[in-house]
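Chain lettering (A, B, C, D and E) follows the sequence in which the chains are written, and residue indices restart at 1 in each chain.
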Amino acid sequence: MDAVVVPMEHGLALAAVLFSIGLIGVMVRRNIILILMSVEVMLNACGLAFIVAGAKWGAADGQIMFMLILSIAAAEVVVGLGLLLQVHRRVGSIDIDETSRLRG
Amino acid sequence: MSDQQLLAILPHILLTTVILIQMMVIAFARNLRTTVAISVIALILTGLAFIPVYSLIPIMVTPLIVLDGYAIYYSGLILMSSTAVTLMAYDYFKDRGEKQDEFFMLLLFATLGALILVCSSHFASMILGLELLGVSIYTMISYPHKGLLTLEAALKYLILSGVSSTFILFGAALIYAVGGKLGFAELASVALETRDSGEIFLTAGSALIFAGIMFKLSVTPFHMWTPDVYEGAPAPVTAFVATVSKGAIFAITLRLFTSSNLIEVPSILTGLSVVAILSMLVGNLLALRQDNVKRILAYSSIAHLGYLMVAFIAAGMIGGKVLAIEASSYFLFAYFITTLGAFGVVTIVSLPNTEADAGDISNYEGLFWRRPMLAIMFTLTLLSLAGIPLTVGFIGKFYIFTAGVTTTLWLLLSVVIIGSGIGIFYYLRIIFAMTKRTETDVTKIEIPIAGGWVMASVTAAILFFGIYPTPIVNLINNLVLSIT
Amino acid sequence: MLLIAIISVLIIGGFAAWLAESRNRDWPKWVSLFTILLSSLLVIPLFSLEPITMQLGATTSQWLLVYEVPWIPRFGISFLFALDGLSLLMVALTIFLGLVALASSWNEIDHQPGFFQFNLMWTLAGVTGVFVSLDLFLFFFFWEIMLIPMYFLIAIWGYERKAYASMKFFLFTQISGLFMLLSILALAFAAKAITGNFTFNYFDLVGLNLDPDIAWWLMLGFFIAFVVKLPGFPFHTWLPDAHTQAPTAASVLLAGILLKTGAYGLIRFTVPLFPQAAMEIAQVAMLLGAIGVVYGAVLAFAQDDFKRLVAYSSVSHMGFVLIGIFAWRELTLQGSVMQMVAHGLSTAALFMIAGALQHRLHTRDVSEMGGLWKDMPRMGAIAMFFIIASLGMPGLGNFVGEFLVLLGAFQVNVPITIFASLGLIVAAIYSLIAMQRVFLGTPIANRNLRDFDSREVSTMVLMMLGLVYLGIHPQPVFDMVEPSLNSLYELTGPATEWVGALR
Amino acid sequence: MYDLIWVIPLAPLVSFVILFATQGNLGKTQVAYLGVGSVGLSALIVVAIAYSWLNSGSSEPYTYAVTSWINVAGFNPGISFYLDGLALTMMLVITGVGFLIHLYASLFMEEDGDYSRFFAYMNLFVSAMLILVLADNMLLLYVGWEGVGLCSYLLVGFWYEDPANGAAARKAFIVTRIGDTAMALGLFLLFMHLGTLHIQPMMQAAKQTWATGDTIPTIAALLLLGGAVGKSAQLPLQTWLPDAMAGPTPVSALIHAATMVTAGVYLIARTHELYLLAPLAQSTVAVVGLATLLIAAFTALTQTDIKRILAYSTISQIGYMFLALGVGAWASGIFHLMTHAFFKALLFLAAGAVIYSLHHEHDIFKMGGLRTKLPVAFWSFLIGSAALTALPLTSGFFSKDEILLAAFDVNPWLWAGGLLGAFLTSIYSFRLGFVVFFGQINTEPSAPAGARMAVPLIILCGLSIIGGWFHVPVDAVFPTIVDSHHDQTIAIITPLVPILGVLLAYLLFLRKSLDLSTLLESLVGVQLRKFFFSHWGMDWAYDKIFVVPYTRIARMNQADVVDMAYEGIANITSIFHYLTSFTQTGQLRWYAFTMVGGLIFILAIIVGII
Amino acid sequence: MSVELFLFYLAATVSLVSTILALTRYNATHALIYLIISLLASAIIFYLVGAPFAAVLEVVIYAGAIMVLFVFVVMILNLGARGDDLEHQWLKPGMWLFPGLLCLILFLEMIYVLSGSSQNLAGTVVTPKEVGIKLYGPYVLAVEIASMLLLAGLIGAYHLGRRYLVDSRKES
């Protein structure tokens, strides 16, 4: 079978669109949970891109990179959610704007 | 994996082992002194462990890691900086309640991440190193989490840093898609082969990676987080972020782009030039009338990274590679010790007040008469940041100029001059504040032992290498230039 | 090594003075005095040195002392100290005015005397270094070093607007200095392109065959740095503020020697390194000088602040120096050097008088003065002497300088010289009005003012004698700097080329 | 004997240094001995030198090099003295009259608290003046030239507590400095073309280099003339001299009548060879002289201040000297210089005696009838006025007559103008004499001054009378004029006119038989009087044209307009700071937004869209 | 258009739509569910492009573990009655339509993939074995570093969470 059933460009385009949606989420949402989720979407998009690219070359590197991304996502989320909990305790809200004091 | 290869990563193994040991020790007997002692010993041992490595270089340890002179030089800088931060952090945390031990563990984690970063030769190790560094730093920033500011800083850093990591990842994916290679050295051939077909993916990938890296380096327009994080984070952590984190990331960027020859792409150089100019101008302008010393230092670091970018760009110009790498290595050295000095002073001045760090410039008024030694140290570091002779910062800036002149980057150099001019203004403002005569009774500042030693050695280094830079120059020539 | 010894003595003396403060608040100034006397002792043997001949470009030149040790071999940078007549004269002036500055601040500094003396000594060390460094990197190093202690002197012991003034001083000199650094580096790089090695050695860099366009830009970098320091119009505006706000000793040093470093740099570096390019800008430079002469004088006339007035008069005087250097005839160069020395003495003295007035009256506003001769005849007479010296009275040093400059410049550019000569008139106007407003006129009653004491008088008399000596027997100074100027002059090619190109 | 020439300027200089250094710590007697004695010493040496000079019959100039001074690139003026007939004459006048005035002043100034300072300045002046006339090169001459200007400044403003005196002193200095600067430019020009500033070689070189009527010598001569008119108070720079009367009267006598103001005459005489090469410049000298003498004479007619009348008279008389120089009667000019020194010093000193006795009253209409009260002063005044008016047999007669006749040879109009001037001179000088010494007593004088003031007056009386018989030993210096025989009418009219003037003055001011009040009070008359009184409005015009605009512009620019450029840069930078700070909102979303913006930007550049 | 390709586009559409919906929800829980759907769709794509091991990991770890963390946090925060009330107001049966539809599409895809129609892909599949060999070959250090990364994250979370839990207990 042809190596590229799915055109790589399409796969990457999907990844890019997901990536963009995640980016939009970070820019638009005020809820910290949603922002963290947006970051997850972006990480996932990167994983998707690696997998697609890996598929093109038929090598395992793409998948391995995806796995590494998984661990990164996990680590980030863990700390992020920890912070979120603390923020919620101090401010009583998970609205990022209510948390912002630093400026200028 | 051969014995040699194992020996080559001995420092990393050693550090990892000590972290685990430290974890055990903390679990059984919480004692801040012990923890810190373990940390310091670990850092020193790690540094010593590079000595046997020296005879092996350059050596690849799996495709992911390469140990060469360049890596050793930057590892040395990182370890030096980490040690200093550890000592400063000890002073900072010792009077702030219990359970401060994990901080030092995280510090070692971050150091490990940085060490991995500077010797990585592959996107996988680079990204992991970056994340190891980042994840540890998030917690370090928010470590005292009594006030909201640290949390806010950490949260902002976490989210934005996460976003920037995805930039790098996506960029790497694009580059991978072009050539199917993830090792830096292999990319050079990819870049050559795909000069016609896949260049758009390659350049787009590079652009994404650059954007991500520039965020970590806090280069305009990716600098927005810097002042908030610098202000919110505890002073030693800020020092760590400003030195180890940025230094390691810069080192890996330089390695990535020089060994893959991507830096020689003209459009990349153009993009970098624009960013460098923006950084120098915006960073300095932002600091101009700022009243918070930590924020000033943040903005000044933005500007300094702009200067560093000049050397980076020079590395991409014809005939500029060797000198540019040498220049950036020296500049980073200068920047490291100077920044450590600056935040060391901020740490010491912040000690009496456990609620928030001494940010506002009024905290420093009359320091010259209250604590002359401290004030002189701070003055020296500020002068070093401003690039005035007698200080190591001058030699650093001299190197930047040399690199720029060699590659005839006149526009960038004139911006360096303008930026430095603006820079002098705000550094002098702090110095001037320190010389003010204050009548009001101010909090007594005690110079702690550990921090005092750090400051003394940093000051000595600023002066010594400002007057006699030859040892470092030779070191760089022997170690760093091996990658060219 | 005498030169290193002098600089080291000053540096160490500075530290010693600082440390001495903790023992006794009066000790620092004695330590300083001892330091300066020691360094002046070290200067004396320099006068009797046998000349050494060095290759300088296509010609040779006479040096009294050359000393070189490697410093940063990577870039061919070395500690290259060299001394010729010009340098020696400047060093001697530096040390002498250091003594004057010390005397002027003897009883004036209550706050942190140790640190004050430290800065004073370091300024002297920096300036001395500037005058004897012949490695361009080393030169720049000292060039910047002298700023910092001076900054502290102004910022800590200055008057009401010290923050502004010290900042302005630092910014102007520093930014212009960076341009010079850029030029130095580019020059070293150009040298590398020609000779294959990085070098900052003056002797190697002189006479390089540079591309004219590049040379022009490089020259400009040097030129700007030096002209800002000089200060030449329109880069002079830092000077009135710095002088006005500085404590007396700092004003003395600023006017007396720091400004001279700019002129020295122009003579030593700008023109010899880039003769062709300097020639191209000579007209403009002379014009700037002439404008400075008149503009400074007109502004001096309008000032109400006595120190500011003297500061603007410095702008005016240094304009002559600029003209003299860029006319680049033997006459004008000698005149410029003479003007530098004489201006060093006369303006330093005037600043001392201004400082003394401020100390006694707690104001510098001349509209609150008047008739002070009545209260302080000694000060009045001395002030009169220096005022007329500064307006260029024949028989005193300033006249010799100004006259030679104008005499020589007239042969180079007539209109500019005529314009500059207007300076003689406007100088009279501001000088005399200053005298009138401060010392003459109706005395204000009930002011119990202390006249100059013997310490002040003896310092002043020293400077007066100096000016008279320069005025009636300037030849030793001419002879001293003649070999240096001659060799530089030879280096840039025959004077006719200059004149031919300038017409 | 000639070897002692260096003592001549040095003696007063040493005295100055001592007086200056002691700062009034010496007693008045010591000061007087020192101050007067030093000038006396110089005078003695001068007389001795003059004696041997005249006896030797040789007219060879004598050069004495004291020391080298400057030697740079072929420019080598030394401190060396050049003695010839001209210098000798000048020295005689300076030291002789100077000594008398010093003597006079030792009493006149006795009451003054700053006695020592006064003599210090006076001695410095004498020294500078001697250097001026002895200098063998232009630079040294310039030293003396500026030196006398300085002393003039110091002495006019001697009573410094009155700001008006200060203003007068400044005016004197600055106005002359304008001339000096022109002169300096002349020197530059000469040096540029001739390569030396030594006067004699320079003149030789000038003759060899240039032909008569060349442009360069003309310009140079005109520039030197600029210096001369400044110092000698000639048009257009004469306005300072009347104000300079603010100084003590001996100062006016010495500096502003006898010696310094004639330095311009000396300068032109000294460089006459240059003027011979520049006929245009020489004519200018004549015209300037004539115009000045007339303008000043008209002004003197209307003045009421005794010293101002004398000041205008001085301006006018120097105008004659210029006229003489301008028509090539060099020796006559110098001759008039000498006689003028005698009688004008006499007049000033006499006026000083009057003022002294009347407690510093200056207005002549508040004086009157002093003939009997102050006989010495009266006779002095009478003799002095006679000489000034050039009544026959007085010294002024000989000198002025020569000038007018020489002028006639060149251009009758010059002669006519000069004659008109002479006529006016006689009117104003006798107006002064009659008003002050005749009529009723308006102010009661105190006792006449003592011998130290009387003796100089008497000696000067004698000189004013017999001075005309002296022969100025300058024949060897100047080219001889071909002695032309004048028309008899001219030779008769010339001395007659002043006598007519005296008569008119007699009728107007003493007999008061002629009443011109209707004429004077008419509209034109009043305006004209005002015009003359204000010295033809020149002070007013200068004030409006130069002084006020200069002051205004300077004050307006007090804050330095150039600095505003830098302030502007600083402000713009600050504005940029605030603009950029504005972006630092603290909002995470905005930060992310900028990152994305940056990403797009970088991407666009690197991929090549931009 | 081959079936694989069709499936790919279908999954892509699902993924896109659910992601968009996830990030536009007001309610965190709903958003989470959409996100999980999106991840599942991604998993299908992974499978389609020959990365079955990655597909499994996506479901097990990403959707199964990481997303659960979010769920925990949402539960811990217990955003309370206010949120519930709001939800009551707009959580109408219609609201479930879209998630249900998306789930359906995903489900159908799964059926199709699992029913063996993917045999065509066999040639390009990078098997778990290959991945494993490579992972523990050249990438072994990456595994080690990743472990340290997770440990660092763990310690961070422990530190950050500790105070929160302790303090909350005190408060309640």
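By definition in this document, a contact is a pair of C-beta atoms (placed from the backbone, for glycine too) under 8 Å apart; a residue touches a chain by one contact, two chains touch by 3 or more.
For clarity, every value in this text was computed on a predicted model and none was experimentally measured.
Engineer: Applying the touch definition from the top, give me the chains sitting in contact with each of chain B and chain C.
Structural biologist: D
Engineer: Whose C-alpha centre lies nearest the centre of all protein C-alpha atoms?
Structural biologist: The most central chain, going by mean C-alpha position, is C.
Engineer: Which chain's C-alpha centroid is most distant from that of chain A?
Structural biologist: Looking at centroid distances, D is the chain farthest away.
Engineer: Going by the contact definition up top, give me the pair of chains with the most C-beta pairs touching.
Structural biologist: A-E
Engineer: Which chain has its C-alpha centroid at the greatest distance from the C-alpha centroid of chain C?
Structural biologist: E
Engineer: So the centre of each chain is just the mean of its C-alpha atoms; given that, what is the distance between chain B and chain E in Å?
Structural biologist: The computed centroid separation for chain B versus chain E comes out at 35 Å.
Engineer: How many angstrom lie between the CA centroids of chain D and chain E, rounded to a whole number?
Structural biologist: Taking the mean C-alpha position of each chain, the two centres sit 105 Å apart.
Engineer: Could you work out how far the Cα centre of chain A sits from that of chain C, in whole Å?
Structural biologist: So the centre of chain A lies 64 Å away from the centre of chain C.
Engineer: Counting only Cα atoms for the centres, state how far chain A is from chain D in Å.
Structural biologist: Roughly 95 Å separates the two chain centres.
Engineer: In chain E, which residues are in touch with two or more of the other chains?
Structural biologist: Residue numbers touching two or more other chains: 139, 142, 146, 149, 152-153, 156, 159-160, 163.
Engineer: Can you tell me which residues of chain A touch two or more of the remaining chains?
Structural biologist: 22-23, 26, 28-29, 35-36, 52, 54, 59, 61-62, 64, 68, 72, 75-76, 79, 82-84, 86, 96, 100-104
Engineer: Using the touch rule from the top of the page, what residues of chain B touch 2 or more other chains?
Structural biologist: Within chain B, the residues that touch at least two other chains are 124, 128, 131, 135, 138-139, 142, 145, 155-156, 159, 163, 227-228, 290.
Engineer: Which pairs of chains touch one another in this structure?
Structural biologist: Touch list across chains, by label: A-B, A-D, A-E, B-C, B-D, B-E, C-D.
Engineer: Where on chain A is chain D touching in the complex?
Structural biologist: Those in contact with chain D are residues 23, 26-30, 35, 96-97, 100-104.
Engineer: Where on chain C does chain D make contact in their complex?
Structural biologist: Going by the criterion above, the answer is residues 168, 233-234, 236-237, 240, 295, 298-299, 301-304, 329-331, 334, 371, 373-374, 377-378, 381, 384, 388, 393-395, 399-400, 403-404, 406-408, 410-411, 417-418, 421-422, 424-425, 428-429, 432-433, 436, 439-443, 472-475, 478, 482.
Engineer: Using the touch definition from the top, list the residues of chain C that touch chain B in their complex.
Structural biologist: Interface residues on chain C, with respect to chain B: 71-75, 111-112, 115, 137, 140-142, 144-145, 147-148, 151-152, 155-156, 163, 166-167, 170-171, 174-175, 178-179, 181-182, 185-186, 189.
Engineer: Touching chain A in the complex: which residues of chain B?
Structural biologist: Chain B reaches chain A through residues 123-124, 127-128, 131, 134-135, 138-139, 142, 145, 148-149, 151-156, 158-159, 162-163, 165-166, 169-170, 172-174, 176-177, 180, 182, 227-228, 231-232, 290, 292, 295.
Engineer: For a test of understanding, state which residues of chain E touch chain A in their complex under the given definition.
Structural biologist: It is residues 2, 4-5, 8-9, 12, 15-16, 19-20, 22-23, 25, 28, 31-32, 35, 38-39, 42, 45-46, 48-51, 53-54, 57-58, 61-62, 65-66, 69-70, 72-74, 76-77, 120-124, 126, 130-131, 133-135, 139, 142, 146, 149-150, 152-154, 156-157, 159-161, 163-164, 167-168 of chain E that touch chain A.
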